[in-house]
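Note sheet for the following structure.
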Amino acid sequence: MKSVLKIRMSAHDAHYGGGLVDGARMLQLFGDVATELLIMNDGDEGLFKAYDMVEFMAPVFAGDYIEVEGSITEQGNTSRKMIFEARKVIVPRTDINDSACDVLETPIVVCRASGTCVVPKDKQRK
Amino acid sequence: MKSVLKIRMSAHDAHYGGGLVDGARMLQLFGDVATELLIMNDGDEGLFKAYDMVEFMAPVFAGDYIEVEGSITEQGNTSRKMIFEARKVIVPRTDINDSACDVLETPIVVCRASGTCVVPKDKQRK
Amino acid sequence: MKSVLKIRMSAHDAHYGGGLVDGARMLQLFGDVATELLIMNDGDEGLFKAYDMVEFMAPVFAGDYIEVEGSITEQGNTSRKMIFEARKVIVPRTDINDSACDVLETPIVVCRASGTCVVPKDKQRK
Amino acid sequence: MKSVLKIRMSAHDAHYGGGLVDGARMLQLFGDVATELLIMNDGDEGLFKAYDMVEFMAPVFAGDYIEVEGSITEQGNTSRKMIFEARKVIVPRTDINDSACDVLETPIVVCRASGTCVVPKDKQRK
Amino acid sequence: MKSVLKIRMSAHDAHYGGGLVDGARMLQLFGDVATELLIMNDGDEGLFKAYDMVEFMAPVFAGDYIEVEGSITEQGNTSRKMIFEARKVIVPRTDINDSACDVLETPIVVCRASGTCVVPKDKQRK
Amino acid sequence: MKSVLKIRMSAHDAHYGGGLVDGARMLQLFGDVATELLIMNDGDEGLFKAYDMVEFMAPVFAGDYIEVEGSITEQGNTSRKMIFEARKVIVPRTDINDSACDVLETPIVVCRASGTCVVPKDKQRK
């Protein structure tokens, strides 16, 4: 069971100067991936409980296209362990001009994480 | 050549009361799909010129997961004709409780459109 | 029966690099114009159903002042046909300095569209 | 010399619960009106210096249409005194249903203010 | 009784070109300070009624850290008079590079104001 | 060396239904705290590299006032280890009415984390 979201980072997503997007934006997308996994698995949005590892591996900028993937690795009574990865697949080439962009032959991993969500017993519908 | 984006509508996307998202949000996503198609085809973000058809077919709400797909149907010297479709694939079930959601067996088409973009000759890199 | 809205595009409205505003923002404003026309005509916000023509005619940037106008051209039992036009009336003159701006003697049309809304019978209050 | 802006308050403008918009949003619109007045008068966006009076007279909600008017009352070498008024002209009638709205026969004044802007000598282009 | 909020201005807060934040953003923060004072004093968010003085004393930019302070100076039956001050305590040093910043030895006052809020009798819980 | 930010969660911060704020918003605030610590310590915004622990301990809602604290626990050549805590100190009492709020005698810890930032040698100004 896998969840993959894909989104373009726009100027609205810039948090720092130079169109730099903050790491928390990737964790917001991991939250949306986790929510989809819980809906597929339990029929409920559930709750994000914890991360045991988050790595910010490359900067993200407005204009990047980001693919975010997650999957459930382990299940307890109410806990759902998950792993996440965010990759940039398209990047602006502002060195050429302000609208040039490249599709990356090899996507660049920008963020990885692993964490745990829970779905209370009374909310589990599957 | 196809572009597919997928995104969760959050409370931030609500434009009207009751978490209702405005149609223009779907057209913003079509814009991001068109931009990806032009990058794949021409190596440039290009410019969105016109729609000859847009149909808003079902309401979209915060909590929905939306899949947006587009493809290039025809190419001129600088023009790129495209078709677009937005489908909801997950919906909240607020009738059950405030966190229940369903994966739709048959996605609901919420918006369809066809339009034309252009990439000026001097910006075409492929 | 006419609706005219007027608004300044700020840095919050930029979607692409260089303060470029996306076309969908103009369609969001057309949505607000359509809503006003339906309220004047039917006493209800109604629903935007379709566009049969949208033309993006000039780029819009943060700092522009945009005037958006619409009117009802035809009425069926529940359908309301409308035409829309967005014009920029003030533009930044960043070529002079970062706060110079001009009032345009002749407004520049940035977007035109025609479309159809509906107001269900049971929601019509006039 | 008068500036009039008109805008629909959407769910994005709600700051408090129940779709309540904060007073500062009206002052943001007064800022955009002041900027237009300075562009008409001096060809420059100028700087907002001070308010000597601001009165919040009625609550504003998502769904309201707000008309914002301002004019220059006095001019010094670089100072421009202005008065501002924000009026709601359309209101939702959630007591009837979630899409009913009324055009107000008599607009409701929601905010009034008077303040001073400045345009440095070297930035005055008229 | 004092309220102090502290926040980093991000690219999301820029309203004009060059990362310039509009004065209304400081008044939005004064609104949040006033709300905290009323909660401490009356156990209710209350309503902001008026400003009798607002002074914008220095420009605010994305990247600045802003400290906002307010206190109640006078109380009537339902009225609460307040004074407010916003100071920048950290500033970007883009003249050095795009990530250098300084903690200001002497904070720079960017905005001062005085105003009045009210808490209706039936909402006063202390 | 400590950094403390304090902010009111508004309707703009709601990500899920019922005014629920997503966990990533707290991590965005931890990012702003980390940035302040690096500026105090190194005179540079630095880069957030990783979290080794994040715990979401209580839900956050629009209307809550959140205090966010962080400190540097260990320093390498370029690495700065930090701990973070977010506490709610004021909560809405919607059970009483829509504007009642309480100052919490004992703040509720909503999120804890520990992580590592880096400041490249050439960017260290202290």
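A, B, C, D, E and F are the chain letters, set down in written order, and residue numbers restart from 1 in every chain.
Note that in this section contacts are C-beta pairs under 8 Å (C-beta built on N, C-alpha and C of every residue); 3 or more make two chains touch, one makes a residue touch a chain.
Labels paired with UniProt names: A, B, C, D, E, F = 3-aminobutyryl-CoA ammonia lyase.
Because the structure is predicted, anything quoted here is derived from the model rather than measured.
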- Path length in steps (a step moves to a chain that is touched) from chain B to chain D: 1
- Among the remaining chains, which ones contact both chain B and chain F? A, D
- Two candidates, A-E and C-D; the one with more touching C-beta pairs is C-D
- Message: Please identify which of C-D, B-F or A-F repeats the interface of B-D; the criterion is that more than half of the contact pairs agree.
- Response: B-F
- Note on the structure: Rounded to the nearest 5 degrees, the rotation mapping the CA atoms of chain D onto those of chain F is 120
- Task: Could you tell me the distance, in whole angstrom, between the mean C-alpha positions of chain E and chain F?
- Result: 19
- Task: Calculate how many whole Å lie between the centre of chain C and the centre of chain E, each centre taken as the average of the chain's C-alpha atoms.
- Result: 34
- Find the geometric centre of each of chain A and chain D from their Cα atoms only, then give the gap between the two centres in Å, rounded to an integer. 39
- Message: Multi-chain contacts only, two chains or more: what residues does chain F have there?
- Response: 10, 12, 15-16, 19, 22, 45, 63
- Chains touch in the following pairs A-B, A-C, A-E, A-F, B-C, B-D, B-F, C-D, C-E, D-E, D-F, E-F
- Query: In their shared complex, at which residues does chain C touch chain E?
  - Reply: 10-12, 19, 62-63, 92, 94, 98
- For chain B, which residues are in contact with chain C within the complex? 15-16, 22-25, 27-28, 30-31, 45, 47-56, 59, 113, 115
- Message: Quick check on the complex: what are the chain E residues that touch chain C?
- Response: 12, 14-19, 22
- Query: How about chain F: which of its residues touch chain E in the complex?
  - Reply: 4-8, 10, 32, 35-36, 39-40, 43-46, 63, 65, 90, 93, 96-97, 99-103, 123, 125
